[in-house]
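In the two complexes that follow, chain A is the common piece, with chain B as its partner first and chain C second.
Right, the complex of A and B next:
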């Protein structure tokens, strides 16, 4: 199995780091799936009450990499599945982010110390035309073929209502405060473009209203789902991508789905609803 | 000692104290004829740091403490003292507010009281007066010279900072591998951890990136980043270049900086001694065992010769049993190989810290006397040093009686 990719565009590098940074803070281990056309990052949060939330991110290799080459497990299954500890990558990348613009970033699958690693070779500019080479070796595990089916792409959601989310930064700060009151919140969306988030405790009930939202699709008049604010807050806190549009799909009592729309990548966050007794 | 500083100098002094505070828990103040020296040693005796402020740094400076009550030139002495870092740090804690309000600063070590007096004259006529009491007058010295290091390189402190950014903030130790035309930094992974499970980072710095680069020996040196970050915090704030002198694994590394004739600083850091291959796995287990066994405070405090004389100081800094991280050094500079026993492989060598020794010829007698293996010999020598001294100093100590014997007959 081989993999080699090189990024030279500073914007792409920044975006890639942003995506990776977002992924890696959300779960203990992260799966990287490499195909001939795309890179997929899959994070499944651990320790869940019910069905697990899932982050699914697809990166178009053509956009990010100037050079890309891979050879999968076999000609039939021409894909590579790697598992790595999210924290390791997060640490490496925070170092990269702070050190300014890199001239190029090369990612390779290598074998060092007789175990597979994902090697990031970063070329940093430094004063007077010199370049400094920084190499990070991140240990990875190869996921065996029989487990590949666990990481199948989730089905396309057929939502009851789909709206454009308000500014994520705004939502983040509001949810941050609401989660201190209670963990369970009810998300309610109407076909008029009104989104409300309600938290109830014994003493008080707090509702945030966001209206004039653009409605994408509507099958029903309204839909609501109960979600865990802690998870949503966690996701939003680490999200650093500033996408232009985020679509929120709600499936009555079942699912809240956030879809980040962008040309070069797609990031989806599936947050299953909690069934109240 | 008495000195007067202006506003900008106070800031520099405050930054120096912050930097020293990150390294050690106690500040040693030693006035000399040429200026004021602030020193500290870290708890495991693996880092020594000294800031020297020369006379031009001060508006006014006098290293002698005069007898203010009765002008008697025979009584004037040079007072050295040792303070807990916390107390002096609380005076200089906020550099921002010092910058905004302090106009001049007077620091005094009077003869007749054991106080460090700091007085800030601030804007709007405000005067802040601090009396910091000290209890001990020990000093710490490290014997080292700036010559004699085969490898030396220097560059701006910002350059070092940027390089270290590539390493995650939790990296504790970094290995510097020197070659003829480059320096290669990599994070050091403890022997006990499987390296294939850790992220390994390497940074290569070419010779041309340095201001000065002179490597004679190709070698590998590993030391802690924590102290280096403290040094860089000071150097970067004042935009200074940092010189680095290295010799080899196990030998201390010297970082120094200088600002014209105003002040200079030296930082001596201990490095990991080279591991002995055959006994690595065994030694790491024994090392762990030793760590848990010796978590009690080292015997240093009880055996220390506390003096109340202000000039002679016997700080006992021959080394502490801080787990197995530290090799007990002998008082001469280059005998660290004696202590390279299997139990202490790849542990930080403590610096050869020396203090003015009143019995300089004693060490020569000890060597042939003791038979057991080197580490035990050094340990025994250390623990029993008072017994082995040729003379004992007995001094009548004047002590104030706070509570007389209740059973004493009138």
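Right, the complex of A and C next:
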């Protein structure tokens, strides 16, 4: 298996670091799947329970890398699946963050001390026109072929209603507060572009109304789903990207799907609904 | 777009209390400082809002917000009292974000109450997003009415709260009690702790810039449990000035003056009884 990619555009480097940082904060471990055309970062909280949230980030290789080469497991299975442990990435991330002036960042799959690593070579300009190369090795685990099916690309969501979410900052804060009041909230969207989030306990009931939202798709007049606030709050707290557009899809009682869209990447958050007690 | 006023469950006629504010952060800034316990009793009169938080019938924090601080304050009864969970109220008031008074955003607030047995309704709006909260009220437990008539006051100090806060934050935490001593003969206001490593005195000279006024009819020296003093730290942190009064039973009353928008003042007072085991030292 081989992988080698080189980034020379400072914006691409910055964006890539942002995504890597975000993904590794969202779960204890993160899977990186490399194909000939795309890179995928996958965080799934638990492999055993099918109803756990899934975070799926797709990056277009062509946008980020000026040079890109990969050779997968085999010609039939021409993909690479690596697993990162979040804490191992942290140190490299801080180094990468200050590499705003890096001339280039090369990422390679390597073997150091007979362990597979993802190696970052950061080429920094230095005082007297020389280059300074900073190398970080992040240990990774190769995911065996038999487990690849655990990370299947999720089906495209066919929502009952899909709306644009422009007020994400406010939504983040509302959810953060609501999580201190109750465990679950009900998300309700209408085809008129009204989204409401409600919690209700013995002591208090709180409803937030987002009106005049642009409706992307509507199969039904309205749709609602009950979700776990802690999970959504954790995700939103660590999501630090600056997407061009955020879309919220609801599948009645079953799913809340957030899609963060940008030219070069998309981040999807699948949060399964909870059946009301 | 849901009309702000159409959120009411019944017409405006049934509201016995109605408050409107352009910036809800002011009220949450004050109430956060008294939130050392969950339960709070609201007492509303034409003179404004008084919110009381009490611990075990001993220490008590009261926040006073006068009608002038609000954009609109309408009360249809002489006195309205109810009890609710202050922590829950603060979560609602801060639903749109950090409760930092300095940050750019300012959510608009409308609060109303229809009387005994009904919830307190709060409507908050920011950038077109409306949050509608209904907080359950319960019948209030009577709170201690500290009668602090000026006749009994022996010592009175008005000073900078920043200075007092510095002193309080550095008090020896291994000491069970803190002692305040004042006398007409001494040049200082003395604060003493008795910890494992020894007895520490902090002397603030009467003549210093941090003390605005100091009056003392006779020598006074009382000890207070350090843990009971803790709820005074938060209000001390947000106040500009503090006044301290001690009466002949050793009851101390701190009154904190807090400047808010448009140069208005809000007040928080804190009552703490003296530690009974101590024998007064003349």
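The rule we apply is simple: the second predicted complex is superposed on the first by the 259 of 277 C-alpha atoms of A that agree within 3 Å, B and C clash if a C-alpha of one lies under 4 Å from a C-alpha of the other, contacts with A are read in each partner's own complex, and residues count from 1 in each chain.
Just so we're on the same page, a contact is a pair of C-beta atoms (placed from the backbone, for glycine too) under 8 Å apart; a residue touches a chain by one contact, two chains touch by 3 or more.
Just so you know, these numbers come straight off a predicted model, no measurement behind them.
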*Check whether A:130 is in contact with chain B, with chain C, with both or with neither, and answer first, second, both or neither.*
first
*Would you sort A:261 into first (chain B), second (chain C), both or neither based on which partner it touches?*
neither
*Regarding the shared-chain residue A:177, is it in contact with chain B (first), chain C (second), both, or neither?*
second
*Of chain B and chain C, which one touches more residues of chain A?*
B
*Residues of chain A that lie at the interface with chain B and also at the interface with chain C*: none
*Along chain C, where are the residues that touch chain A in the complex?*
1-2, 85, 88, 91-92, 94-98, 119, 126-136
*Give every residue of chain A touching chain B within the complex, in rising order.*
88, 91-92, 94-96, 98-99, 112-115, 122, 124, 126-128, 130, 132-139
*asked:* List the residues on chain A that touch chain C in their complex, please.
replied: 167, 169-170, 173-174, 177-178, 180-181, 202-212
*Which residues, counting only chain B, touch chain A once they are in their complex?*
159, 162-163, 165-168, 170, 195-206, 208-209
